[in-house]
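The structure follows.
Naming follows writing order (A, B, C and D), and every chain is counted from residue 1.
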Amino acid sequence: MDVQFIDELAANGRTPLHAALPWAKIAASAALLAASIAARTPSAAGAAAAAVIFFASASRSQLRHAAVMALYPVFFAGLFVLGWIRSDPLFALTVVIKAFSTGLVAATLITTTPFVDIFAAISRVTPAVVSDALFMAYRSFFVLINELQDLLRAVRLRGGAGRGLFQQLRTYGQVLGVVILHSADMTERMYRVMVVRGYSQRIESAREWPPPGSLDYLLIAYAATVLGLVLALG
Amino acid sequence: MDNAIPIDQGEIIAQVNCLKHVYPDQTAVDLCGLDFTVRRGQRVAVLGANGSGKSTLIFHLLGLLSPVDGQVTVFGVNPAKRFRDIRHRVGVLLQNVDDQIIGPTVWDDVTFTPRALGWPRSQVEARGNAICDRLGISHLKTRIPHYLSGGEKRKVALAGALVTEPELLIMDEPFTGLDPRSRSELVRLMNQIHLEYGVTYVVSTHEIDFVPHIADWVYVLGGRHGITLSGTPEQVFSQPEALRAVSIDLPALAELFEVLHKKGWDVTVPLTVDQAVIELERCKLDAVAPTPPRES
Amino acid sequence: MSHLHIPDGLIPLPWILAGIGLAALFVCVALRALKRRDRAKVVPRIATLSALMLLAMGLPIPLLGYHLNLTVLTGMIAGPAEGFIAVLVVNLILALTAHGGITVVGLNTLVSGLEVCLGWLIWRSLRQVFRRPFAAAAVSTVIALLISTTAMLAIVAGTRVSPDLALHRNDHAEHVEHAESADHARVAGSDSGSLKAFAAIVYSAGALGWAVEALVVGSAAEFIAKSRPDMLDPGPDRGA
Amino acid sequence: MDNAIPIDQGEIIAQVNCLKHVYPDQTAVDLCGLDFTVRRGQRVAVLGANGSGKSTLIFHLLGLLSPVDGQVTVFGVNPAKRFRDIRHRVGVLLQNVDDQIIGPTVWDDVTFTPRALGWPRSQVEARGNAICDRLGISHLKTRIPHYLSGGEKRKVALAGALVTEPELLIMDEPFTGLDPRSRSELVRLMNQIHLEYGVTYVVSTHEIDFVPHIADWVYVLGGRHGITLSGTPEQVFSQPEALRAVSIDLPALAELFEVLHKKGWDVTVPLTVDQAVIELERCKLDAVAPTPPRES
């Protein structure tokens, strides 16, 4: 899972889905997610998956990245239903398809909508400490990942992580130890900044959006129709 | 760039007297030499090598540390106890710019403090827009901070510090991590802000070369007694031995003129290239003029 | 794979709601415990720990499909209250990146939250037993992950007495008949067998993951114990 | 300090020809102007503003990046493919010193590479001790790197880079984050190592002031064609316009002499304060001497 890569896709992409308003995408994604989960038969799940793929194809070439991301829950779903493949293959198939379409919904949303906008939506329903931590975790991630990459680069240039898996994992542990030490210093610096800048209530994102356009209404209508059809199909 | 208005008098807005601090690991910092005073309208530089106590001084001014001994006063209050009361009057730019941007987007960050202080929305908008325009970052407003360059991040952080139109701006090593062009740009901005908003500022730095361009009053930290020198940049730079004693080397220009002076040239230490040219031309004229060169 | 992310579409609605409710309850408990502390200190701590967990997941472990979690290490450093909120933050981000379901954020958070709390508890008691922080941390990691994996298996077993039940639990009239008539037979026999098979896979594949995680967490803990022992000191105010 | 031994000939140990690189985010770096060549025994500086491609060049030399187009050769091999084979011959000092010290203690860190390469224990000990002595950090061996000063950390990292006695030392912005004293100390150490071990080095920097002290050959990066200037420091500094075109400002001394030259003084741009004094004294003598001052 490469948060940095996902972030770049979302921030720098120029596709119809990128152009849609975040709340419209979030609403459409919620409906598609519900449709995917509500499907109870392989055919309904398959129909939902097809609808989700059609939706995701609006992100053009990014579809393949989202599809790759969606393989991860497929892998886990496969693991969970491994024992049922013989006794109830249809059940197993349904679960795997559902894992793929729900994964693709999430992956499409996150690769076409900057984290910031999604967090802003989440922060409306979570306590301040949680949403602030969410925003700051995201910032910290991008500061710390540079550090981790530098350290791994240094390890490589300085002779490698060592011979054998055991030694390599030990070196990784050491490298993480370094990052953890630095992150503790960073925590201290962030604390100072928050105090002097007057942190008291909560961190907010006040991005302003143009009024919704036809694309936004179209997305929502499409997703709602899919949900309705899947519910009707059973 | 040198709009220096040396002010030795005027309202004192910050003062530190014989400060002593002990960190949890028992490192003691003693800033008990000269008094540290900031007067309204001054541009004050705190110059010192790493570890000389610059950050300790800054942190006390901001109420982030509480002294073991000595007194700190900013706008008449003890910042360690009542920084809240003076927060809107003090803008802050800390050392590591990456840790300083809290807001998820540039605009969220720039307007962080006024929103935290509960200002009305219209005022937040007006101030935010004004400062973004002023610092030339309006086009970055909707951007996500981690895609900005180092120089852009600095400007965003500066905008966030200035958005409340503070009377006092405190900057801890603002040049760290910037390349020479971004540094010159920052120097220009600092002076522009000083002129336009009349803001008083205190800036800590180890980059002696910038001091003439950013300060009309300098405190030099180092040695056993903390604050060892103070004065205008001219006054401070004319004491190379005292500076070297606290591990600060003169800028190349000042060093050149110090050598020339020792060799008997009748020159005073210049702060800028322009001044240096004037000094040298005068010397050369003296040399060719009928009056004998004043060899000492 | 030292710990499983439950995907969407597998767990029936009541369990999903119960998971969210229980996770919310624990978050409330954690927030209450943190109330006395300075928020400007707490938030950056939670944030950096969450970021570290996300980072560790991206570390290229030279074993296919494995990644680190650092939940136990988070517990050791932050204690249960901050640690629980940190894993919630991580699970929210993971859900958004299709790395664990969106609807099961609650259940996934409960499982990782359990690892955090166990990590904190076991580390505190084992520190006195083992002389080397490496050993104490590594053993804490293995025990915590073993228990959390078992808890996760219990969730799966609990939700899936019958696969069809899982699929049809919320059915209305027209499906009830089908659900009841066709599936009673399967409930007792093949499903317990399936669960056993599933458990066998999870424990055997998991054991390798625990070893990897234990080695890394042990080395990291050793490094921190050498450089900044105070960070791993189970101070009295860290507990919830 | 100026033990410059300009070498235009000799064995070529590293070479970059018309390098083109495209980063994943589609940023293209084109280093296709002049060729980049490092000869044995040279002290090479790569000078450029941030974003001019310094790090890209360095990363290619280290095999951390693979070029889209062009050729990179270090000790006769393509480092992107076979850096392992030349690892013991190349020492590396990366930009952020905090992100390259891995060992829990100074000694663990200094001996990291030979241990990773599986050297016998006795040799690890001997080399480790020798380099710690050489760089004056023997007293730090058991210390925890986290608590060292910036300058000390740099020395530890340098020791870690030199412990295998590499023939080529590559340093990416080694002055970043150091205060002026630590920088001077590093300059001294770099030259000492160059003299004693005969190590060839390549150092990237945006600090033009140091270039005369650390390099006998300079490559200037920037502009459309990547490598726009190369030559000895004297040659490069005598082209102020070309430098400014790639966002590099002259050092204050050079700038002063450029102005003097424009005003008709018969001076050449000096690299050090000593040279400047000699130039000025000569000018003054010329001025008082019977020959008329050469005003242009």
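As a working rule, contacts are C-beta pairs under 8 Å (C-beta built on N, C-alpha and C of every residue); 3 or more make two chains touch, one makes a residue touch a chain.
This one's a predicted model, so the numbers in the text were calculated from it and none came from an experiment.
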* A-C against A-D, pair bridged by the larger set of C-beta contacts -> A-C
* **Chain centre separation (chain B, chain D; CA means) in Å** => 30
* Asked: With chain centres defined as C-alpha means, what is the inter-centre distance between chain A and chain C in Å?
  -> 18
* chain A-chain D separation of Cα centroids, rounded to whole Å -> 42
* Structure fact -> CA centroids of chain C and chain D: separation to the nearest Å works out as 49
* Touching two or more other chains, which residues of chain A qualify? -> 135-136, 138-139, 143, 171, 174, 177-178, 181, 186, 190, 194-195, 199
* Structure fact -> Going by residue number, chain D touches two or more other chains at 104, 146
* To do: Would you please write down the residue numbers of chain C that are in contact with two or more other chains?
  => 222-223, 227-228
* Let me know each pair of chains that touch one another. => A-B, A-C, A-D, B-D, C-D
* Asked: Mind pulling up the chain C residues that touch chain A in the complex?
  -> 4-10, 27, 31, 34, 38-52, 54-59, 61-63, 65, 67, 70, 73, 77, 85-86, 88-90, 92-103, 156, 163-164, 166-168, 171, 174-175, 186, 190-191, 193-198, 201-202, 212, 215-224, 227-228, 231
* Structure fact -> Residue set of chain D touching chain A in the complex reads 24-25, 62, 64, 83-84, 87, 92, 94-96, 98-104, 112-118, 146, 160
* Structure fact -> In the complex, chain D touches chain B at residues 49-51, 149-151, 176-182, 184, 206-209, 247-249, 251-253, 255-256, 259-260, 263, 265, 273-274, 276-277, 280-281, 283-284, 287-288, 293
* Mind pulling up the chain A residues that touch chain C in the complex? -> 1-3, 6, 33, 36-37, 40, 66, 69-70, 72-77, 79-84, 86-88, 91-92, 94-95, 98-99, 102-104, 106-107, 109-110, 115, 118, 122, 127, 129-130, 132-141, 143-145, 148, 165-166, 168-174, 176-181, 183-184, 186-187, 190-191, 194-195, 199, 234
* chain D partner contacts - residues on chain A that touch it in the complex -> 5, 8, 12, 147, 150-151, 153-163, 171, 174-175, 177-178, 181-182
